[in-house]
């Protein structure tokens, strides 16, 4: 969680200066609990696919920090060699198969990974991250139907942050219908939870993971959460009027990291000094990643091996 | 119902001879109750859109018989001037806006008609016919979501005949999930019924129509029924092995027309002679439609006013 | 009366004008009523025309396209907007199988489909593979669709109004890099005919056929060549990609004998290719040298600043190509210098990230 | 060893061979295991390879395409089949935004997408506007996709096997009117390289470039012209529409100086147009007369028997065009007579209704 938070905030702090991160960047500040919890509950050989807002999912799953920052800088050492940018992350060594920028685009891909697991008869699972708006796409529905039909080892994790860009849920989905109950109607076991509570999220995800690994078919989890910064870009945008300052402040009070910190301090799992050390260490790693990214080479359009293979 | 049945059977009887109906033709023999009932329950200025299996819906709504047969013959006097064939029927004078051949293709079109009704503030309703397989398309889901979101005056009528071409439901949808309950999960009131019982169908449709006309938003009806002949074409196909002879015979026993005939005879609404007269009159009208279609002129590719308007 | 405004203001003005004139015009799309108003193009519309006629929508591109079609069959004129063309790929089913075919497949007996679909083509600041696809060539391949692609603010207004009131489905393409282009735009119900190209520059040496943002690069190149080298080119801005104004193109090619076509999309099967093909067929005897097309390499758009550098073509590349066609040497260094170091923005007004 | 079989049997044979060789090959699509087995092409596969590897699917074209992509990223080689190309328009999102872009958008670091998508192009017996669209030109426009389109049974087998084992997404097009074409087909793991055209006839007068079913019509025309009039044409069957075997085409055009391209799709922005364009660019000095393309009129397919008569082009039209290019008069009546009265079927084997 700390890594994710500090990383996002470091991007935000540096985005304007120097203008070296020249790609659309969707930060997940405020939403760190679920990605972190999922990363803990999943095995390294489990698959993950994700969305435009993927930094947390990537880091949570153990994706290489240096390669992610380099990718955002458009460098050759980036996880996608500079071809993808913030919205196209990959680290197959830890099962992070890919994040893409079309809403709901990776949902069937994740289900297809689930199908491949079934065909290969391993005990992996495939985890699909999605936003609340992604549930409005027909392909989401088609994907859930097939996962249920074939009892595939797929975990759907929907982070419901109330908005699609600046559009609140109520202009997109019937107000008296929850996403969870809708998915239950599709025949998929579905549960919701507090996405700002890291421990609750972890427990719910772990339970789902266990059930799926035991061959009981897909599970859908909906977590309520909130994005602090603007939809795309490094700034805050409460002033533009699509959400209220009060709503924002209320959610900020539910900061998942602070809550977790209080909890583990109270439970004496950790002490203040250890936390400070952890924070300093994490920030140092991140600062180093930025330094490496800045120094790294740019890729060259002409030295791609695959170019002109097709349409040659 | 009689008109629909006799019409379909007359097509079947003539399809092979002379080979003049040169287009894919999906007959609805065995499924006449719902189209007939819907036609009765709807007003002439209500809108209907339909599928590849549209003859019943078209005739039920009051579509011109002669123009339909001429269309299947590919004649200029056809309802689509020969351009469309059996799968593309239209009769705007009775609110039949169109049937098309892509599964689920007209579902959003029907919802859009519902939106236009709301915008124009009339008390019409828009009725969308669909098959069981159409509920598997993402666009169905998207359409229902929007209809519910905006409380549009849309009646969805799903004729569940257990098959999509030769594919039974169980290879396409989870066995323990009914279409009705799934649609309820989407937040749309949904009811199922016996689609071979004309009176039950009529009552359920009428109730839904009344509710929708009163501004209560969309309703979804699922009717269980069965197609007697092959998916596409005039023949029977039980021998090819995708369904059993027993299943077919069991459904044939539930012939919607015979059941209705028995009922109105028993209730003394009609007597045997009147039925015979009705039958003879209906068949004569149909025979005449075939004669007219056969004699009618073919259209000419070169005399279309719109051709070369675009890509000119 | 006219008024100085940007391309996006002109789009906004056209939408407001259309909605004022005809209460059947409605306007929806993701983010249409939000505070950013789709790069300013839809700002204020919901306030002016109400929530029934101007609304946001679920993330359901295919369904919402079919809904536009259905509404249009009962006399509504929906204008649907997508912030990127790429998102509209989810709706190809309804666009092709229904909208494009509708008029024909019922022999003209089931009404027209007067929908307008605004698609914004992304470029720059790392838009990458799925936020910059320019598929006008796809749309122009399909009979039954009109495809409109304005370059200037004035054309944007005049053509958008005509698109909205046209009875065929129209794909209306807006290149993101044009949104800030400023010009005098007539007030009120100002329409320009669909299907007519516009002659932006006149000359006898080369016929340059161009579209959308590439016309801006072409102007820089052509003006430079005229000023510095006395080379004079016809510059024909297509404006309409289906139908194409063939006579204007053929007349020019028959005059100059040299054809250069610029395209914002991939090279193979590009609109540029179609123009080369038709000119090769129709103006065979007039051609003095092989026709040339300049389009994007056949490869998805990369994201990195460093990778897009060699992906897109600029004024200097156009100048070079024209020189080659005329077999002359030209110093293009000053033309190259005209552009700042950041090739991935059209100007300072474009700040990313979207 | 080889064996006489139809095009559909050859497809079936290729599928069975691929599944035998590699247990990662799976095969699904609407109706794949049903008693008709997609025009016979998938008969017996489920019995041989089981329900896990061969299965029917829900009517969810877009979702099932994304699922193929996902499975392929973990080493599976899915072959997905659609009874009509038109149905696949529902899946353009997954095809373009994901399959075509995948390799590039992760800089090659997220694996390949070795999926094969079989699409059947309908024609005849009133298939009409949404059961006969031939959109190979769309697919060929998009970088990252391969597009294969065999004409003969032998090619069908050899190219399908290569498509399945190719690491890029491949669109494999089968024209419904070719399914009954019979020929000797090698047994076992017989593969033909993707990207190579095949020279079906040889001659110095005209270069005829063709594809899919149009190559059959071309053979009739070219053989007739050779027998009766001593006119000799090169006939190049593309086989691969992306990549296109340009060298073979250019060599022929440089030899004959006359180019005729036949296409099964709409004229504007057709593959035929692309070939005309590239030849106009690359073989400018060799061209003796304006290039010609023959494709479908830019208008959706009508349904009526009477309307399709003037919609599709036949051998006699090809003969006429060649005569015109050579500026000679030829009696084509016998060629016209070769075809029976029913222009809307390829032969007696095709009985409709689907």
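So that you can tell them apart, the chains are marked A, B, C and D in the order they are listed, and the count of residues begins at 1 in each.
One rule holds in what follows: a residue touches a chain if its C-beta (ideal position, glycine included) is under 8 Å from a C-beta of that chain, and two chains touch if they have at least 3 such contacts.
For clarity, every value in this text was computed on a predicted model and none was experimentally measured.
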(request) Could you work out how many touching-chain steps separate subunit A from subunit C at minimum? (result) 1
(message) On the document's contact criterion, could you list the chains that touch subunit A and likewise touch subunit B?
(response) C, D
(message) Averaging over Cα atoms per chain, report the distance between subunit B and subunit D in Å.
(response) 35
(message) Counting only Cα atoms for the centres, state how far subunit A is from subunit D in Å.
(response) 41
(request) Indicate the whole-number Å distance between the mean C-alpha point of subunit C and the mean C-alpha point of subunit D. (result) 32
(message) Going by the contact rule already set, what residues in subunit A reach two or more other chains?
(response) 78, 80, 82-84, 88, 100, 102, 105, 136-139, 141-142, 145, 149, 172-173, 299, 310-311
(request) Quick one: which residues in subunit C touch 2 or more of the other chains? (result) 57-58, 60, 62-63, 86, 90, 93, 97, 104-105, 128-130, 140, 143-144, 242, 266, 268, 298-299, 302-303
(request) Between the chains shown, work out who touches whom and classify the graph as line, ring, star, complete or other. (result) complete
(request) Write out the stretch or stretches of subunit D touching subunit C in their complex. (result) 62, 86, 89-90, 92-93, 96-97, 100-101, 104-105, 128-130, 133, 135, 137-138, 140-144, 242, 265-266, 268-271, 273-274, 276-282, 284, 287, 289-293, 298-300, 302-303
(message) Residue numbers of subunit A touching subunit B in their complex, please.
(response) 136-142, 145, 148-149, 172-174, 176-177, 181-187
(request) Using the touch rule from the top, collect the residues of subunit B that touch subunit D in their complex. (result) 15, 22-25, 74-75, 78, 80, 82-88, 100-105, 133-134, 136-139, 164-167, 171-173, 232-233, 240-242, 298-302, 307-308, 310-311
(request) Sort out for me which residues of subunit D touch subunit A in the complex. (result) 24, 26, 52-53, 57-58, 60, 62-76, 93-94, 97-98, 102-111, 140, 143-146, 168, 195, 242-243
(request) Would you tell me which residues of subunit A are touching subunit D in their complex? (result) 47, 49, 78-84, 88, 90, 92, 97-98, 100, 102, 105-120, 126, 138-139, 141-143, 145-146, 149, 299, 304-306, 309-312
